[in-house]
Amino acid sequence: MLKILKYSSFDLMRSRWSYVYFLFYLLLGFVLLFLNNNVSKAVITLMNIIIVIVPLIGTIFGVMYYYNSREFTILLLAQPLKRSTIFLGQYIGLSISLSISLLLGLGIPFIFYGIFESAAIWDFSSLLITGVFLTFIFVALSINIALSNENRIKGFGFAILMWLFLAVIYDGIFLISLMIFNDYPLDKFSLIATMTNPIDLSRILILLKLDISALLGYTGAVFQKFFGTGLGVIISFSVLILWVLIPAWLIVVKSGRKDF
Amino acid sequence: MINISNLHKNFGKVVVLRGIDLEIKKGGIFAILGPNGSGKTTLIKSILGMVIPDSGKIAVNNHSVLKEWSYRDNINYLPQIADFPNNLSVKELIKMIKNLRGKTASDSELIEILGLKPFLDKKLGNLSGGTRQKVNLVLCFMFDSELLILDEPTTGLDPVSLIQLKKIIRQEKKIGKTIIITTHIMSFVEEMADEIVFLLDGNIYFKGTIEQLQIKTEQKNLEHAIANILTLENA
Amino acid sequence: MKNILTALIFCLINANAYTQVIKVCPDCKINSIAQALKIAKNGYKILIEKGLYSERNIIIDKSIQLIGAGNPVIDGDNKGEIITIKADNVSISGFTIKNVGTSYTEDNAAIKVVKGNFFTISNNTLENVFFGITIEKSKHGIIENNNISSTATQEYNSGNGIHLWHCDDIKVKNNQLHGLRDGIYFEFVTNSSISGNISKNNVRYGLHFMFSNDNEYFENTFVNNGAGVAVMFSKNINMHHNKFIKNWGSSSYGLLLKEIYDAEITDNLFEQNTIGIHAEGSTRINYKKNNFINNGWAIKISGACYTNKFTKNNFVSNAFDVSYNSKLNDNVFDNNYWSEYAGYDLDKNGIGDVPFRPVKLFSYIANKTPETIVLLRSLFIDIINFSEKVSPVFTPDNLLDNNPLMQEIK
C-alpha cells in the first residue's frame, strides 16, 4: 500500500491543482493576516473559511481524482495487488497531498506573522488538525460517490450536492427543527445532530478551542457538562475519527464489489 | 491452464455472459473473437479479477482466482485503452510498474525494439495514441509470466510496429507461454492463433482451430467464415 | 498674637495628654481586648500587640481607637460574631480576624457597625468569615485596605464580604474580597463610593447593589464571580473605569442592570463574559468609551430599555455584539467601533460610509431557542444573518450605528 500511496501522492504533487490549492491557501492566509493584522482574529475568520472550503475542495478533488485516474487504477488492478490496497492507497495518497497543501499554505503565512510566539498557536493548530480531518472525511465520501456513479457528471453533481447538504442545508433543517420543537428539551437532540454532520462537529470542536464553550453552557446543563469538560473534546474527536474510518471502510467494500 | 465453468455476468439488466464453460490449455495462442458487445472483454476481465462474476468458477493453474490477487503475478495484461497518469513520464511509469511487481524485467530491449527511446522523458499526457500503445506493450511484455492477456493489441500501431509486435508474440509462444488475444483484425488471427473461441451473446458459439471453423462454416476465408456465422445468426 | 499661639500649642499638648493609651498583650496585666474595653473611656486608644486573642462577641460602645501593632490575631473559634461597634468615632485597624461562626438565623460578622457614625475600618485581614464587615444604619465611614476572604461554595450557607444596609456617605476603598457569597453588598445606601476594590471568585456577585441611589463606583476589578455584578433598582449611579472579567457561566454576566435610571457607564472593560452587560428595564443610561472584548454577548437588552445612548465604545470579537428580544428600539448607537464591521471609508474621515447593524438575526433566534447556539458561526447562519441584514424582518430595523468608526478607540 505504501507504494501506491507514494505514487498517487507523487502524481498529485506534480499536478497543477495541488499548486493551485496550495497557492490559494497561501494567499488566503496572507490576506487574512493583512486585513485583520491580528493573529487571534485571523484565526476566527479562518475557521469560518476552513469549515466550508476544505470540505468543498476535498469533495471536488476526490471526485476529480477518481475519474481522472481511472485508467491508472485499471492498470493497477491488473497487477498483483489487492483491491483494498489500491483504493486505500489512492485515497490516503490524495488526502495526504491535499493536507500538505493545506498545512503549508496556511502554515507559512502564520509562521511569518509569528504564530509560535502568539497565544493563538493552540487555536491555530486545532484549526489545522480539524482541517486535515475534514480533508480525509470529504475525500472518502466523494470517492464513495464516484465509485457508485459511472457517469462523471452525475457523480460530480451528487458530490457537490452532498457538500451543499452538509455545509448548508443540514444546518437549515437543524435550525428549523430546533425552532419548531422549542418546547421540548433539545440539548440531546442538538448534540446528536451535531455529531452526525462532520462539518458541524468540526465547527464545534474549533469553537470549543476558541473558548466559546461557556457560551454554549448558556443553553443548559447537558451542554455545559458536555462542552465544559474534556469529555466533549474526547467524544467529538472519537466521532470525527469514525467519520474517517467508516467512509474509508465503505471504499474498501464498494471497490471490492465493483467491476472495472 | 485456465478452467472456467458456468460463468454468468450481468451489468444491470444487460446479460453479458450466460454460463460460459471454457478450458484453455497451457501453451499456444488463443484468440477470443466475437462481435462488439459479445462479452470478450468481460471474459478477460473476469479472469483478471477486474470484473466480479455473478456466479461460476474461474481457476488458473487449478486454483480459484475469485477474491484472490497474488495469482496476477503470473499474468501480463495489455489493456484495450492505453491511458496512463498524465503527470508521469514514460520512464517513471515503467519504473513504477517494475517497482510494484518486483520482478525482473526486460524493459530496455523492448524500448529498443519499439523505438521508444526518444520518448522516455516525455510526460505520458503529451504522447500520441500510437506511442502510448507502445508504452502499453512495453509494460505488458517486459515481465516473464506464464500467461499473457492481450486486449486489442494492434490498436493504433503503425505497420512497422505491428511486425515487431507479431515477432514478440511469436517469441513468447516459442518459450511455452499461453497467450490470450482479443481482436477484430481477422488477418492477425489467421496468422497468429492456434485456437479460437467465438463468443456470441454471452455464449460460446464455437471453439476449436481455424480449420475446424472453416469446415463448419464451409468458408475458406476466416473473415467470411465469421461473417457467415453472424448472418446465419441474424437470419 | 504670640499669646494666642502659645495657648493653642498648650491646648494641643494638653489634649494629647488626655488621650489615654491602654496596652494589651498576651503577657500583660491586661491580656484581652474585652478587659481593655471595660476600663476604656471615650477617646481612649487601645493598642493591641502581637499575639493570638481567642475572643468573640466583643462589643464596642465607646468612641475608641482599636489599633493592632504587629498584626495581632483575633480568633472567633467559629462561634458567633467577633466585634460589634455601637458607638460613633470608632476605628479598627491592623488586625487579622478569623473564624466567624456560621449561622442560619443571625448574620454574624467579623466586624459589625450598628448605628455608628464616623468609623474607620482599615488594614485588616479577615479570614474564614461568615459575613466580613457589616454596616447597618450608619453614616460617614471609611472601609479601606481590608482583605476579606472565606471558603464559600454554596449561596445558602455563606455571607457577604462588605455588607452595607441603610447607610449614607461611606467610602469602600482598595479592599480585596474573595471566596464569599457577594463580595460587596449595598442595600439602601446613598452618596457612597466603591473604588479600587478587587472582588473575585465569589459564589454569587462580585458586587450586589440594590435600592441605592446617588452612588459612584470606579476602578474596581470583578473577576470570575458566579454571576458577575448586579446593580438593581437604583438611580443616579456613576460607574467608570471598572473591569469585568471572565464571568463565564450559564447565567452570568459582567454587569446586570435591572431597573436602573440615569446612570453613567464609562471607560469600563468587559472581557470574556458570557454576557457583557445585561440590561433589563433600564432607562436614560449613557454608555461611553467602554471596551467589550471576547464576550458571548457584549450587550443584551431585554424588557423596556429607553433612551440609552451607546457612544464611542469598542466592540471587539464578541460572538454577538448586541441582542434585543423585541423589534422595538428607542436607544441610540452612534460612533462606536465594531470589529465585525466590514464597510469602507472612502472619504478617509475615520467613519465608515455605510451604517453598521449590530443586531443579528441569529442573536434573536438564540434568544428564543438557546440550543441553536450550537449552530454559531455556521455557513447557514451567516447566510440568514446576511439576508436579515439586507432586509430586517425580525430585528429592529432602525437599530443602526450610522457612524461606525474604522479604528478602535484607544
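What to note about this one:
Here the chain labels run A, B and C in written order, and each chain numbers its own residues starting at 1.
Heads up, the rule we're going with is that a contact is a pair of C-beta atoms (placed from the backbone, for glycine too) under 8 Å apart; a residue touches a chain by one contact, two chains touch by 3 or more.
None of the values given here were measured: they were computed from a predicted structure.
Among the remaining chains, those touching chain B and also chain C are A.
Legend note: the chain whose CA centroid lies nearest the centroid of all displayed protein CA atoms is A.
A count of C-beta contacts for the chain pairs A-B and A-C puts A-C on top.
Chain B and chain C have Cα centroids separated by 89 Å.
Chain centres here are Cα means. That of chain A falls 42 Å from that of chain B. Here the CA centre of chain A is 47 Å from the CA centre of chain C. Put simply, chain B touches chain A in their complex at residues 9, 11, 45, 48-52, 69-73, 75, 77, 79, 81, 83-85, 87-88, 96-97, 99-101, 139. Those residues of chain C that touch chain A in the shared complex are 248-251, 272, 274, 294, 296, 317, 319, 339, 365, 368-383.
Those residues of chain A lying in contact with chain B across their complex are 3-4, 7, 11-12, 14-15, 69-72, 74-83, 257-260. By the touch criterion stated above, chain A contacts chain C in their complex at residues 40-41, 44, 47-48, 51-52, 167-169, 171-172, 174-175, 178-179, 182, 186-187, 189-191, 193-194, 199-200, 203-204, 207, 211-212, 214-221, 223-224.
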